[in-house]
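I'd like to ask some things about the structure below.
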């Protein structure tokens, strides 16, 4: 149950101050694309809803009436006229809907000017996020968090390292698949700052359920500040314990899969950890990022996310404490 | 009492004599072997139905457990691995082992009777298909029990189901199960198409074919066109996994989307393959209880055919998020929207039929107004299916689909379409045809109870899912966090699922009770207009003493009218009448084969081949030997040829 | 016209047309450094062995190194002694040429760490030592540079430069320029950071160390740095052209050849490929890898740099030899670097500025469509653009290059550069790779196979003035040995199935061949023995990168094994076995 | 055992399905890890007794489980084993798909070689890999030479085609022409 609490808190934490249950809802659009789709949804709701009611009412009448004497065909002519009218009505409504979705679809696929270029690579079961830049030394790699500036379209290249995943941030846009051997693309233009949540929408194996993405829309200035901070190498540990933790990290199994820029740890199979402590969730939205959950996670990842590739690395309690000290220092 | 047949015989003695001869010819061999060797479409049909319902119950049980797991956030009923196997088995069993087979099963039983012929064309192929289906189903459930159940969903997307990401033999058993069921499905479809096109009662022209037969004709043709695609896909997958071919390896020029195209080229028609027979059932029920022929019969037929065609043109709407060219997606949006038109036409015609008919009049009880249970389920169909159709229109729109695709909204949508659109009519049809199946009539009171339980339970279970999907809950998650507003809808849905289950359980009890103590039904308890009601309940092995002749689309209306028949079919051998495909003019007397054990042997041999080839490539070669032997035995030439001519109307 | 006069005429014509620069007198008898001379011509003025008498060439003596691994070393001859550096464990032998059969004078056995074998990317080879003022200086696989007393074999000094625990090895032949021993590291496939160090020849103290990536002060880039092309100008490009911190594990090792021009007082050497091979893990130009440095030998300060393959896509190391010539370019003679590059182009660069004067393919290249002389940049073929997780088919040349390390020779008499090289293409799939210090940092799967023509090797005689091949000779197997040109108008080289061959330098006609006990991947040399006669020497012993198919017992059912060589050389294990023997040839009974 | 599955018969099928349980279990949490049963011998010359030692129980446990083999194939690439050993054909290091084993080819010996390292270049991974990872890796390495039951190995991985499908490899018995093989001394 404590596990569960940790997780729910994770979601709420990501929710921050806003109404928690809106952070992953298509009904609370916070970006152009989601809003456009929202209008289609309302149009659909009205047209389909009223048609549905019409049918039910007709059916009720038919049942309540029904005092014909049966066994003989009556009023074929009127019925056929009715049928023709009905078909015309449906066809007309469908044309409206088709035209509407064409229009919106075009807007979704429009190429934005001066977009923020991002590459998201899905891996079982987490997200690698690369902020691209013509200047390679400003190429930024992070994981399981997507921070966007308000009012600037973000053009996201979508790749997969293993199986098919699907990136879905309901509040900002629809979903797009990440398919091995292909490169897809999705554009989202956030209009409100705030905290949102994305999740993998295509079944991708054991932990499909725990592959979430912490999304945060920032004021452009705040975003630039964040990005520059992330570009810096890891802050070197200050306390003796943290220094010991760094030694543990680079000498034990951790360094094989994780990278911490500024150390010799250069693994890319696992999430980049250079600024781990500046994130708000652990293990792709599975846990809230704090000292306690981090320690629990390191002690036994399989208990929180069964099947994840991160093993429970055997180490002394002292080493693990030091490791946590070190990682919590990676702001 | 099959009154119309009476004038054929000078007196009862002659009739009894004739029936004695027919019984001698059409009777089964005694004992267990006879049971295994039967080629009687009614017995095979009943077996088919019972088997399919068993798989339905098993797959449903899986769903109940899944709902328990999802009742609260972070549930601990199932772990991720088990949950994934559960939902994969649920989908696979429902689609491959229940929905399609049960629809074909009912047809296997009803169609020959409805067409007034003595057996299905290719009766042994029919028997063979049942055995293959049975063995395939047993294989996958045994595998599941052995922890070798599928884990990649009923849609089995590569590369997740490929050799790298699905270790062991789980996916191989699943893919081979598809091969089993498709072989079975294709066999039945061929038999049904042949029967409907060539063995109709004399005079049953295209304009007089019952709509149910029309729907089964279209369905069977769709099966024949759609299923090879998925067999190809699953064979590619098996060879990728067993001998390392590269069909789905993106690095070597294979493509993950190849699977999706092949699969959905089958997978979307599949939905209509399940749904069209239900439409046929509804037509039969509505016609019967409205006491008048279906309005605008040609329009109905055209709607069926149009649906069949269109359903092949919209598989891509399952792949809108896969990044295909927008223009293409636009086309498939239009096509998907268009298919709403034929459905709309049918809904209109049914309502018009009820409108101009007398749906609440009870036969034999003047003045009483009551809605019979079969019709009740049809009304349920309207309420549920039309809603599902509306959400279907929504997901057909690319932009909206990009939001709701792979969410619980879609789960809600297709359960409304499949349960509302197929299972409700199916249960209705069971109530409707149960007299023919067993000679007894199901309890109407229990029937009403189970209807209302199912209807309420269904809506409780699936309506909240629409909202869940829009609030961002993806499909196929074994658990979910709290704090996203998903708690209440999930709770309601789980509660609903148990009510739904109770409804189904009550139906099963109803069946059992009826089989034990149900009141015998007459030949035609509903006063229905089609030929299956023109013989006894249950019908004799030879269905009809003499071939009935048809003069209208509703041959048994008005009641009491004499049904002309055609004499001359030999009684000392299993003869059926072959008629021309458009005007149903008698052409040939066709000696149908006797019962035989070879279909069973062939099915066993095929099973060995399929299962062996899961583990070893050489199983394909060596396993072919017993298959060859069995087929040789099956097709060893016999003396009986069709005896031409000699059919005269009386 | 009699034969002698014809030859004389030809010679004078050759001299007239081109004039070779050489650091040492035209006819020298010794072979004191692996490339023969500072200009890396591998040309000897000795003319006792001629086209006429080469047919009589036969074995004078042989000597076993006792190591059955790839023998890439050049025998070093100074005075009446020959020095051989064997592959790991890098035993050094001194042979007394003044006595019959050249008995062993002394041997020196260093003790390199056996673990070093595990981080040597391409067999445990050594490319030879260098003789300098009474010293024999050589490198050991585990990263030590050792100076021996050439007379006694006693060690004078030892300096450790490489660290095998991060994958650093040293396989190159050191050069000595102005009392500085120049040594570079290997290990570009292990994510090491490349450098060239200069040691004091007398003490072994490090005079300077120039890194191939990182900040300008590490790369020894100062005010004197005047590259010719704009893309090489700017501050700290060794950092700015990499993703953050990637330069620290970015490769650019220096395991190839060094040239020296006394007139301009510049050394020239190439830097190897950036790491990892998967280019998507290192967006940017990746300075200063896969390029050519000109440096001041005293201070190490860079003068200019030219990058042959910016943002290298296919492991095109740029460590090949820089042949210093003076050739007529556009009418007037110019001091040039003639450079058969791994990417399949033959470059002429201005020795003073690093400007590319011409670049022409000597091999059917399709990875690069051409070199833009204005920007100096290669034009990558978009059809061959690799992507992680996708196999790009038929990329030519392969990661082993049109020509790998095995050096060419230049003959001033014919005006031709004799290039021994491969004729291979490959399938290439970048894959994501973790950097784990001390383990391979490669990130690509490859399958190699014969390119156009079906043969896997070629000897090309390239005319740098006419900018086309004068003649080519097909070899079934890739040619992995160096070439040697002599004033006898002969070209010597060896094949991987053990044939040592002499060609007519003008026509490429095979004049003589001898089958040694194992495949030849070494550097043939020639010298004048104490008896005044000309000898030709070569080490035989299969190995090296392609040869690991044999010496490592690779299983060729894995097409990608051995870095893709398994697919190219499945027949090699049936055609040669490991060996390690010195062969010395001379004209008998003169 | 399934790899011995030779004839198609209902009996064999039943055996297979029973073997399913062992083969298919996804042991991501509590897989057994303990010291291997046998220590590697670097010489065939072992004075005295019968040296034929069966694989330890834990070794067999990992070899018989498809999930562990599959995880091993992942570690094999993540931890750059393929950099030296190719996809089994070898490169810097020796081939792993043939029958030649310098330090023994039983899963316990492979496990020990991984954990302790070997003198001529094989690094020691003790303290880098967890014991479970090392066992999974060893099981995969064994599958490269056809020594793991065929129904538990992946035919290929998504990537460049390299070796023949592992499901089709002939079983190369390390006790065959392996110099360091265990051989029972003849009386």
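In this document, chain identifiers A, B, C and D correspond to the written order of the chains, with residue numbering beginning at 1 in each.
Operating definition for what follows: contacts are C-beta pairs under 8 Å (C-beta built on N, C-alpha and C of every residue); 3 or more make two chains touch, one makes a residue touch a chain.
Just so we're clear, the structure is a prediction, and the values are computed from it rather than from any experiment.
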Between the pairs B-C and B-D, the one where more C-beta pairs touch: B-D
Where subunit B and subunit C are represented by their mean Cα positions, the distance between them in whole Å: 73
Whole-Å gap between the CA centroids of subunit B and subunit D: 48
Centroid spacing, where centroids are CA-atom means, of subunit A and subunit D in whole angstrom: 39
Rounded Å distance between subunit A and subunit C, as computed from the means of their C-alpha atoms: 52
For subunit B, residues that touch 2 or more chains besides their own: 81, 159, 164, 250-252
Shared interface positions of subunit D, touching two or more other chains: 26, 78-79, 158-161, 164
Subunit C, residues touching no fewer than two other chains: 389-391, 429, 433-434, 436
Chain contact graph, described as a line, ring, star, complete graph or other shape: complete
Parts of subunit D lying in touch with subunit A, wherever the complex brings them together: 26, 28-29, 71, 74, 78-79, 127-133, 158
Residue ranges of subunit D touching subunit B (in the complex, touch as defined): 2, 5, 8, 10, 13, 16-18, 20-21, 23-26, 66-67, 69-70, 73, 150-152, 154-161, 164-168
In the complex with subunit D, residue positions of subunit C that touch it: 114-122, 189, 389, 391, 427, 429, 431, 433-434, 436, 438-442, 445-447, 548, 552-563, 566
Subunit D residues within the subunit C interface of the complex: 77-80, 83-84, 86-95, 97-98, 100, 119-123, 158-164
Touching residues (chain side subunit A, partner subunit B) in the complex: 3-4, 7-12, 15, 20-27, 34, 36-37, 40-41, 44, 48-49, 51-52, 55-56, 58-59, 61-63, 65-76, 79-80, 82-83, 86-87, 90-91, 94, 97-98, 100-102, 104-106, 108-109, 124, 158, 162-164, 166, 168, 170, 173-177, 179-182, 184-185, 197, 199-210, 285, 306-307
